[in-house]
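Order of writing sets the labels: A, B and C. Residues in every chain begin at 1.
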Amino acid sequence: MKRINTAQLKQLVEAAIFVAEKPISKQQLKETVLNEFTVADSTLSKVIKELKLDYQPRGIQLVEVASGYRFQSLDALSPWLSKLWQENAPKYSRAMLETLALIAYRQPITRGEIEQVRGVAVSSNIIKTLTERDWIKVVGHKEVPGRPALYATTKGFLDYFSMASLSDLPNVDTFESMAESIASDSPLKVLNEAPSE
Amino acid sequence: MSELVKEENRDNAPPIKEGLAAPVQQPLPLAFINGEALIKKPEDLFIPPDALEVILETFEGPLDLLLYLIRKQKFDITTLPIATVTKQYMEYVDTMMALKLELAAEYLLMAAILAEIKSRHLLPKRSDDNEEEDDPRAELIRRLKEYELVKQAAEDLDTQPRLERDIFNAHVEVSESVAPIRIEPDVSLAEIVLAFSAAMKRAEAFEHHTIEREALSTRERMSLILSMLNTSQYTPLERLFTVDEGKAGVVVSFLAILELVKEQLILCIQAGPYAKIHVKLGSHEEN
Amino acid sequence: MKRINTAQLKQLVEAAIFVAEKPISKQQLKETVLNEFTVADSTLSKVIKELKLDYQPRGIQLVEVASGYRFQSLDALSPWLSKLWQENAPKYSRAMLETLALIAYRQPITRGEIEQVRGVAVSSNIIKTLTERDWIKVVGHKEVPGRPALYATTKGFLDYFSMASLSDLPNVDTFESMAESIASDSPLKVLNEAPSE
């Protein structure tokens, strides 16, 4: 195993995060570009921290999302940067966003449970679109008659919304404490009496 | 029960034309909200007929519509004024049905739930009733609160910075000297031995003659000598021997040279008796 | 037309070059991200020059190519960055292994001689792959019509199999009797069933 000095390590890590096609984790860095060097975890963390600071005043930022590190443009520049593309960013329907929010905040959750909360049927198209975007996936099946699929969000979802983990979801604490208080107000078993599909 | 509402004739009720136009039977307050009488119909109840389809698309189902009705009039969900809300909800549903718009079954189901809650409230309470057990009103309130929470979560999620809209990936091209690395497959020595053995066995079975097996060191030396020689210039024979290999090395080299001559791969010449021997690539036949 | 200060202009130009999918020219910058600002050509050139200098000590560089400006990785980092695109080559075919074995045991040998033993043609691809892997090389030409190349194994071949010389190659007969004696416990002969080309 060769040695690498901190300056070279920093250059290599910086370039690797920039040229990688997806966010790259420390583990992936160690298995690829750094695989012939002896690099302590603490050194790697230190270098990444330095890079974050280096870019703080710049137009792009080094951020950590669910599947690793990536450089992304400064949020505040989006009104001008979006002019680089002819098409506007896709807009998502309320039905899609509510379904996604329920899966994000209440995962793992079945389609039937989503329908119970929303009071309407969830179209198959929504589930299909969310799956194709790699935002949700089936993580198992609920052991009830019909064994419905249990949905959860993916790393791709967190990456897209620039989050490192589910705890970065907006108002996650408020949501949870409120959900608990609602549940304690009236017995949860009432849920079972809600109209089924 | 704080609300007092006159039962409406649902089948004959004309669609509300405008917010301020009072329907025929309207002498009583619409509702008492927290003790205050509500006489005027809320203006937003006016629905232009061509907007109905839009409304169906605007509301994400009956819970959403109910929430809208409650919020618009600044009611409190926890004191859900069931009679007022039911009445307004029915007006929407009736108008939609009158216009033969396809109404999702969920809207009708909610209408039935609201009607049931209302009728229960009209009945005198029985003292032995255990209301806590299955109060449909409490259940509806719980569902409305829960749905409102999800609606808010969806809105929050929509404002979360996201790729393609608020943030963009910073991507850098690799310099031209970056080339994908191919990881070559591993081969074990056993595989080579077995491959050789298999090839030889097939050849023997096929050609019915045995193939002589020379010492490998000789064949290796043959390769080495060949790579030291060329076709144009003669090389002195002694340069093919290395002293530090000792006697065994000389023997191997000598055997290799004999084999190369036999296979007509090299050419040996000697100018006269006891003169130096020179070698070069090529065969006697050609010269 | 709005004004933009130099610091903001620099951030915006930097981010635009980073997020644009292709190299971007000054003209394109002015028509897109800068279209609502008054920016003098000289100011834009100055900002780009500053950015070039800012990145000079870093792992990526701002360069001008035919169609505009783009960031690209430092040339010197290529050997390591290449590792981000690793691919596994397919396993060697039986023809490949037999060819290699014949060259190892019967060197120096011509392609025609290998074909004689194997009874089938040896594809140029096999010779090419083995040569590229630096396991075989041409050590001369047989002085017969056509002057066919004589192949031998290389030092790289010996190194890969941790042998000092070819005499370390196992004796086939001894090897086989050993293999047979352990064949009952471990199915070594399965190796013979490797898929052919």
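The definition used in the following text is that a contact is a pair of C-beta atoms (placed from the backbone, for glycine too) under 8 Å apart; a residue touches a chain by one contact, two chains touch by 3 or more.
These numbers come from a predicted model, not from an experiment.
Central chain by Cα centroid: B, whose mean Cα position is closest to the mean of all protein Cα atoms. Farthest from chain C in terms of Cα centroid separation is A. One simple way to say how far apart two chains are is to compare their mean CA positions; for chain B and chain C this gives 29 Å.
The distance from the centre of chain A to the centre of chain B, each centre being the mean of the chain's C-alpha atoms, comes to 11 Å. Here the CA centre of chain A is 34 Å from the CA centre of chain C. For chain A, the set of residues touching two or more other chains reads 15, 18-19, 60, 71, 73, 81. Touching two or more other chains at once are residues 168-174, 178 of chain B. Considering their complex, residues 15, 18-19, 21, 60, 70-75, 77-78, 81-83, 85-92, 94, 97-98, 100-102, 104-108, 116-119, 133, 139-144, 150, 152-153, 160-161, 165-167, 169-170, 172, 175-176, 179, 188-189, 191-192, 194 of chain C touch chain B. Within the complex formed with chain C, the chain B residues making contact are 168-185, 187, 189-200, 202-203, 206, 211, 213, 215-217, 219-220, 222-224, 226-227, 229, 231, 263-265, 281-283, 286.
Residues 10-16, 18-20, 32-36, 58-60, 71, 73-74, 77, 80-81, 83-84 of chain A touch chain C in their complex. Partner chain A is touched in their complex by these residues of chain B: 60-64, 104, 106, 109-110, 134-135, 138-139, 141-143, 145-147, 149-174, 178.
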